[in-house]
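Reviewing the structure listed below.
As written, the chains take the letters A, B, C, D, E, F and G, and residue 1 is the first residue of each chain.
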Amino acid sequence: MDNNLTGGVPLAMPLNVLERNVNKIVMLTLKDGRTLEGKLTGFDEYMNMILEDTEETKDDQVRRLGTVVLRGNNIVTIVPK
Amino acid sequence: MDNNLTGGVPLAMPLNVLERNVNKIVMLTLKDGRTLEGKLTGFDEYMNMILEDTEETKDDQVRRLGTVVLRGNNIVTIVPK
Amino acid sequence: MDNNLTGGVPLAMPLNVLERNVNKIVMLTLKDGRTLEGKLTGFDEYMNMILEDTEETKDDQVRRLGTVVLRGNNIVTIVPK
Amino acid sequence: MDNNLTGGVPLAMPLNVLERNVNKIVMLTLKDGRTLEGKLTGFDEYMNMILEDTEETKDDQVRRLGTVVLRGNNIVTIVPK
Amino acid sequence: MDNNLTGGVPLAMPLNVLERNVNKIVMLTLKDGRTLEGKLTGFDEYMNMILEDTEETKDDQVRRLGTVVLRGNNIVTIVPK
Amino acid sequence: MDNNLTGGVPLAMPLNVLERNVNKIVMLTLKDGRTLEGKLTGFDEYMNMILEDTEETKDDQVRRLGTVVLRGNNIVTIVPK
Amino acid sequence: MDNNLTGGVPLAMPLNVLERNVNKIVMLTLKDGRTLEGKLTGFDEYMNMILEDTEETKDDQVRRLGTVVLRGNNIVTIVPK
């Protein structure tokens, strides 16, 4: 058994997956139950993010929000589309 | 694949988007469900923020609050208008 | 675009707004839904605060509390009156 | 405008208010809705506290608890009596 | 006014109260509403604790649990019996 | 009694169990009650994770999500299948 | 009164109790109300844990889960059986 976290098996890093999806469409699920779908144009090491052309869905109600800055600690899952 | 977070793709940083919106109108959604709309006049690295001429909406009730200082950990999304 | 957070646009800092309101009346909204209105006589870098002559409102019930020390992580918004 | 947090206006520190109330009666409101009233005999920098001769009130039910050690992160407000 | 937290007034420290109660019976109230009563046999600086001969009460149902290790961040109050 | 956490008994480390399951199917239970089942292709020291070919189950509703990046602080349990 | 946390009274440390229970059966109560019972095969300093041959109980429903990796911050109590 390899004790080194990056040894042996090739291991993808979550922040690298975000980077690979810059300028692509992602769907975010937030802690408050909202989902946001938009183009990921930036993020930082806390997983704070920037979406452009964002569409929010909340209880089946859809709303266009444009640019959205998100605090990372409110994001549950990020799904590249 | 570029392993460097700032390499390859030009990457916007969430705090820079805030800076670009200083003295502009933003809409904040808070963890307690309130939304605040006002002029962003300041923020710090914890995303604590200052809004001026703020209007609060809570369960469809609107209230004028003037200046508001917000703790960053209660802010879910920031939408420049 | 200026990459320096304090460059370009004059930027107010949230803690400075608090300082400017020392010995003035502020209204605090807490995570548990209470609002407190009183004279801000002190705070620290965690936004722990001291109010004097404080009036608490909870579900439309008003109560006089006098001096109140608050833990910063329970404060959502601070509104100078 | 003074940029120095302790400059200009005399500023009380929340922990100093606690110290001034050692061996005095305080009322604490906790995150779980309970209130505790007792003599504050100690605290530390995390606002962990010790109360003596404590009386707990929960949904209008009162209970005598004697000595209570409290974790600071569960305390919302501290009111010296 | 003494600015030094340990100056002037003799000040008990919460962790010292715990130490004084090692091998004695304590009642803990947890964030999830359970109460645990047992002999405190150990703790660390995060207020993680060990109880022996523990009795759990939850919605008036009592259960004997024996030894219990507790994460400090789930403990609200500690009452020495 | 051995005071050294890695002494005496051979001790598996949680992050090593994750590493051993890279490119294998895992089932995650999230704080919001959703379960996600997919191939674990990466993780970091905060237990942020990447799943591929993910299937989400929420209140008995199943949805295919493909790639999902997860914030570690929303994950409760990880079950290798 | 001894001011030294490890002085005077012999003091057990919570992580040592965990170590003493490696390869033994433990029952965990989680923040989401589930209980897990299984063989503790590993843990780290954040109280992240590994259980083998785990049985989950949720609202009186029992399910066999096999190996489970748990995030420490979701664990409320650990009871060695």
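One rule holds for everything that comes next: a residue touches a chain if its C-beta (ideal position, glycine included) is under 8 Å from a C-beta of that chain, and two chains touch if they have at least 3 such contacts.
Note that this is a predicted model, so its numbers are computed, not measured.
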Fewest touching-chain hops separating chain B from chain F: 2
Separation of chain E from chain B in steps, with touching chains one step apart: 3
Magnitude of the superposing rotation for chain C and chain F (Cα, nearest 5°): 155
Centroid distance [mean C-alpha coordinates] between chain E and chain C, Å: 32
Between chain F and chain A, distance of the C-alpha-averaged centres to the nearest whole Å: 18
Interchain centroid distance [CA atoms averaged], chain D/chain F, Å: 40
Set of chain E residues in contact with two or more other chains: 15-16, 31, 73
Circular arrangement of chains, read from chain A onward through chain B: A, B, C, D, E, G, F
Interface residues, chain D side, partner chain E - complex: 15-16, 19-20, 22-23, 30-32, 36, 41-45, 48-50, 65-71, 73-74
Chain B-touching residues of chain C, taken from the complex the two chains share: 1-3, 5, 8-9, 11-18, 29, 31, 33, 47, 72-73, 75-80
